[in-house]
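Next come two complexes, and both contain subunit A; in the first it sits with subunit B, in the second with subunit C.
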Partner chain A sequence: MAIFLQLLFTGLGIGAIYALVALGFVLLIRAASVVNFAQGQFAMVGAYMLVVCLNVLGLPYLLSMAISVVLMAVFGVIFAGATYWPLRHRGGLPVIISTIGASIFLENIVLFLYGPSPEVLPGLFDSPGIQVGQVFMDSQYLSILVAATLLVVLQYFIFEKTLLGKKLQATSQDKEMASLLGIPVAAMILFTFSYSAMLGGIAGMLVAPVLFVSVGMGGLIALKAFAANIIGGYGSIPGAILGGLALGVAETMGAAYISVPYKDAFAFAMLLMFLAVRPQGLFGEKISEKA
Partner chain B sequence: MILSRRSVLVGTAIAAATPLRFARGEDTIKIGGIAPITGPAAEAGKFMQNGAAMALEKINGAGGVLGKKLEWVVEDDATTNPGAVLGFSRLVSRGDCVAYTGSIRSTQVQAIAPDVLKAAKPVMFGGTNPGLTQTGNPWLFRTRPNDNYSARVIADYGVNTLKKTKWVIIHSTDAFGTGGKDALVANLSKLGITPVLVQGYSNQQTDFTPVVLAVKQANPDVVSSYFTFENDLGIFARQLRQLGVTVPWVGSPSIINTTALNLAGRALFGTYGIADFTPDASPEATAYATEYVKRYKANPDNQSTWLYDALLILANAINTAKSTDPQEIRKAILAVKGFKGTEGTYNFDEKGDGLRGYNVVKNVNGKIVFDKRIEFTD
Partner chain C sequence: MSVNLASARLWRGFPQAILACVAVVAVAFMLPSEGYYLNILMQAVTYAIAVSGLVVVLGYCGQISIAQAAFFGLGAYGVAIGMVDYHLGFFPAWLCGIGAAGLLGVVLGLGSLRLGGHYLAMVTISFQQILTLFLTNWLEFTHGPDGIRGIPRPRLGPISFEGGHAFLALCMVTLVIVTLAVWRLKTGRLGRAMQAVRDNELAAGTCGINVFATKVIAFGLSAVLGGIGGGLFAGGFQYISPDQFSFGESIVLLTMALLGGVQSPFGSLIGTMVLIILPEWLRFLKEVYLAVYGAAVILIMVFLPDGLWGLMLERVRKRAKPILGDVPKLPLLSQTGAARTDFVLTIEGLAKHFGGLKALDGISLAVRRGSVHALIGPNGSGKSTFINVITGLYKPTAGRVVFAGQDITHVPPYERNRAGLARTFQNIRVFRGMTVLENVMVGAERPGNDVAENPAFVVERALAALDFVGLRGDAHREVGALSYGHQRYVEIARALAATPQMLLLDEPAAGLNLTEKHELGELLKRLKGHGLTILIIDHDMKLVEQVADHITVLNFGKRIADGMPKDVLNHPDVIAAYLGEPQEAAGAAS
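And now, the complex of A and B:
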């Protein structure tokens, strides 16, 4: 039982990271019909921003995080301007290819600017964690879980309870109609890019003390996050969160109880199973062409 | 800064068009090499370039090869097998390299081996999977001791010096980790020991909790490991300590690599490592380490030394052969006896293995302390 709980805790912690990155995916799919293959690299860029603020400039932790989040928001707009804006009238595929290009570009520009040495970031808290019964709770995994929960609540609040959120939802449902109603569609889409970059960046900053900061860290997470997206339901917000958590738990349990070398296979076997049995995912609507 | 498409394109084009070279000019003798300039081992790629630069300076300072300067032309392998194959084939298709250097990663050496056979020119490499030199490929030469020796040293040290009998082996499932694991299981069995747990993992993991819990359940008195990548080793080390496993740990050379020591920090204090290169093992190693620290303000590890030795041995072989004919260079490499390098004293056998010994070191609060060197004659 102790082992099961320990695995559950770790699985949820790692799953929360997948969920945060998956959330960024979903928002862009909904707002701009863009599958952003650079979402994982957002996490990497965010983590490097934190490294620069914290290790190079020597700023305090929370201030460094705040600065990095703001920078990520700006970065999201620049990213949209470079990859989405020039291609926005050409359908989905060119933009997807352009985000793949951007993901390669981002990895290499960071490698070029920062160099190849992987970096170590301290966790949010000095203590490595707490022992609850026979379960060791890593303080950084706890931070990840708390932060993910807060962000999900915040997002729910923004999307459901504010005018901005309603405008964002309207934009994602029908851009033409939204613009007829006087909603600045372009601004809404740029905002979504910016918000999604912030989410990705935060995921990167949170996971950095666990996974270390390296140029390739984004790729590790993004593929799982994308799978989480499909499992949860393509374009569904609660789906992305639950899909991420489910994936984290499934691969951790699968590794522990069945086979460690096939850990990644469990994640993708789950994906295949969903595609075969329930292609709309946990929360997906029956896919029909958007009018 | 506004990132327009044009500026991005121009930037990419400049980056793509800038070749990495260490000496310029027409009248040079060229050695082609693949290195992880990008990908998870990009830092090791930097160390390799440092080592190569030092080797070239030494060779060219002493008159070069056949009266010309030696040049090392590097192609990125992106730390992947396809990248290695592509990089190697780009080097071969240049047509002007007289020999090559491969990878420190066994999997990648395995990947390029068929092309090495076709290229029919000597390739020096650092991967330690014992099988790499056993397949009858006459062009592969290893400048590190292979894992038959590392496994013997790990088993011997753990059983006879540390007096441990309940063994756990953690290994990567790639060519390097599997080869190391097989060799260690075989050597332990010679000493009458069957490990209580042999646990593989695939490279580039985000979490090692399942592995650590399996180790904990097996209740060993010693942990041994063959880790390929330092980030995996770092995550495992930290989680192992967090979940309360404190038994001695004897690891393959990656456990004392500069990158691993930086990433894992305290989690590796008190561990034992089997090192092909360590600064205190020989005067050559000490001299190299002193020079390296002076130049690069960082500690050297085997990621640079195997290549440093490889280039010196190649230069030596070309000068001895008085020719760049591949067969002549090959004969000259195989004739190398008593060559003192940073990794040890090279005596090549007919298979292409140059070294047969490892050092045992201990991580004492982050400082690598040399214990002893164990040489084999068979």
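And now, the complex of A and C:
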């Protein structure tokens, strides 16, 4: 039981990372109908920004994070300008492919600038963690969980309680109507890109001390986030969060109880299972095109 | 004319392909025997075969597959494991690899293609990752990360493919055959169905195409082509390892297809050659090479939407010659027949609820064979929902639809079309990537149509339908270049080419100007009296009055009147609900 609880804790921690990346992914689908295959590279870029601030510039931890988050927001807008804006009237496929191009570009430009050797980052706190009953709560996993919860609450507040959130929701539901009502749709979409990059970046920064920071770290996280998305329900925000958590737990348990080398296969096996049995996911609704 | 047309199509491309085979074999044997050139060409040729698979699935059918390297790997591992561990011959082992790729492709397709477009992309990514894990970790079967060495090359009777030149010649001949097949696929029935699915799934379904099956076939074919290329790759390099078939390689294959032009196997061939040779030229870029590569993908999407091949075609585009000569008229025009007394379509208690909204609330209706039946009603009265339920796009909440004696209530759209039900759409749904003629050919090719099995007759029927709507002169134009009104005529021609028993017109006058509306009225009058049943939904009272034998009025999902035009239009409920004002004023306004 102690081991089970311990694994549950770790699984939720990793799952929270998937959930954050999946959340950014869903927001872009909803706001701009963009399936962003570079979502994982957002996490990678965020982690490298933190590495530069901490290890190269020697800034304090929290300041480094703050600077990196702001930089990620700017990065999101640039990303949108390069991959989405010129192709926005050409349907979904060209944008998907250009985000795939962007993911290759980002990985390799960082590789060129920073070299292939993985970076190790210290945790946010000096203390290794706290013992709660039979479970040892590692401080970094704990901060991941706390930060993810705060972000989700904050996002809920922004989307449901502010005018900005209402405008964002209107944009995602019906762009034409939104623009007729005077909502600056283009700005809303750019904001979503920016916010989505921030979410991805934060996930990367939080997970950096747990994993090594490497150029390839984003790819696998993104794939898990995609899977989380389908498991939770395509385009569903609560689905992305729960799907991410469920995946993290399933994967951690699977690695511990079944097989370590195939750890990464569990997520995909789960994805294929959902597609076969419940393709609309946990929270998805069946969407049919209107004639 | 029809005979010439048919035989010309049957052997189209064969002479060129035979010449190409001779040429590539000669080239293969003239190459210097240094490994360098042989290797580069071997890689380019085997990759090109796999990339042509992406032309089928992405270019023709519009589905994103990001696992082409995985299928390539299955072909390669089939040959390697089959020959090294199980001592099979090259060709049986190759077949095993191709079979494995095709089988897994079909299974993945069955699981994901019923859903929307992004699912295949994600499922293929997952599959790619799982396969890489298996290739790396399943040591007993795949030899793990070190890969498999010493893969022999084949010998076929007296011909030996063991030398590099001979094996390269084998690869190149295979490439010629594959390119010919993929090129011919595009202008064949299956290829047109794929493109129809790519351009508009809903319309494709109502043209008798089984959308799901077509997508699965396209994806299965692309997997098979991946396997073919991979098997040759294993024989060519005689050593394979898991990293050669990774996610990154899938992206490389995708980029090759896009750069060259995903609409044509010639395009994908050019793209592959460029991206295999380019790295050799770009060696000076060293570490940034892949970054440049990624940026190039974005730039290609922005500036070269049709790839290099598209760019070249644009330069040399010839005006297609019109197909001259008389074609037999549409069969229905030689029939005569006024409205009969029996019913071709009977609807009982049809209901469709969207949550709490009762868009259709227990409608019963019968349409006489050979009549023009109009369905009218104010906005939101349920007219479009009605036609969507009849054609199978929506599932009814309750009720029964019987068409030509067959209960079609639970039959998918493509089977309703095959039973003789054709329709047009309120917001035009033509296949935008195809020409006017091809659009109409898709209609003529519906399974069960009298001409469907003969390509030459299909062309004739399509031309006849275009003759009827007056668009024959535009047969070779891109359908998107036509005016809105003419695109609607293309839809009508597409429906007529299928020789339907019943034609459903969903607000055909919507968006037309006055002249066009008048032309449409004339066209409907010409259609009338030939035994074809027409169900027309429209707002335009003038049009409806001109052509209808019978009118049914809907309001709030219920039938409020039904009968002869004069009686129905004078019915007080109709005036109240539909016109909302006294009859004299309404008559003047219409």
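The rule is short, and it goes like this: the second predicted complex is superposed on the first by the 289 of 291 C-alpha atoms of A that agree within 3 Å, B and C clash if a C-alpha of one lies under 4 Å from a C-alpha of the other, contacts with A are read in each partner's own complex, and residues count from 1 in each chain.
We take it that a contact is a pair of C-beta atoms (placed from the backbone, for glycine too) under 8 Å apart; a residue touches a chain by one contact, two chains touch by 3 or more.
Quick caveat: nothing in here was measured; it's all calculated off a predicted structure.
For the composite obtained by superposing both complexes on subunit A, the positions of subunit B and subunit C are in clash.
After overlaying the two complexes on the shared chain, residue contacts for A:122 are found with neither subunit B nor subunit C.
In the superposition on chain A, contact is made by A:261 with both subunit B and subunit C. In the superposed model, A:90 lies in contact with subunit C only, and not with subunit B. Within the superposed three-chain model, A:184 lies out of touch with both subunit B and subunit C [touch as defined at top].
Once chain A of one complex is fitted onto chain A of the other, the partner contacts of A:105 extend to both subunit B and subunit C. Once the two complexes are laid over each other on the shared chain, residue contacts for A:60 go to neither subunit B nor subunit C.
Once chain A of one complex is fitted onto chain A of the other, the partner contacts of A:14 are limited to subunit B, with no touch recorded for subunit C. In the superposed pair of complexes, A:82 makes contact with subunit B and with subunit C alike.
The clashing stretch of subunit B relative to subunit C, chosen from 40-48, 58-66 or 76-84, is 76-84 in the chain A superposition. Touching of subunit A by both subunit B and subunit C, each in its own complex, is seen for residues 82, 86, 105, 107-109, 111-112, 220, 261-262, 264.
Those residues of subunit B whose C-beta lies close enough to touch subunit A in the complex are 2-5, 8, 11-12, 15, 37-40, 42-43, 45-46, 173, 199-202, 204-207, 209-211, 213-214, 217, 230-231, 234-235, 242-244, 259, 262-263, 265. Of all residues in subunit A, those touching subunit B in their complex are 3, 6-7, 10, 14, 17, 78, 81-82, 86, 105, 107-109, 111-112, 115-118, 120, 128-129, 136, 138, 207, 210-212, 214-216, 220-221, 252, 255-256, 260-264.
Across the complex, subunit A meets subunit C through its residues 35, 82-83, 86-87, 90, 92-94, 96-98, 100-109, 111-112, 219-220, 223, 226-227, 230, 234, 261-262, 264-265, 267-269, 271-272, 275-276, 279, 287-289, 291. Of all residues in subunit C, only 62, 64, 66, 111-112, 114-119, 121-123, 125-127, 129-130, 133-134, 136-137, 201-202, 247-248, 251, 254-255, 258, 287-291, 293-298, 300-302, 305, 384, 387-388, 391, 393-394, 425-426, 506 touch subunit A in the complex they form.
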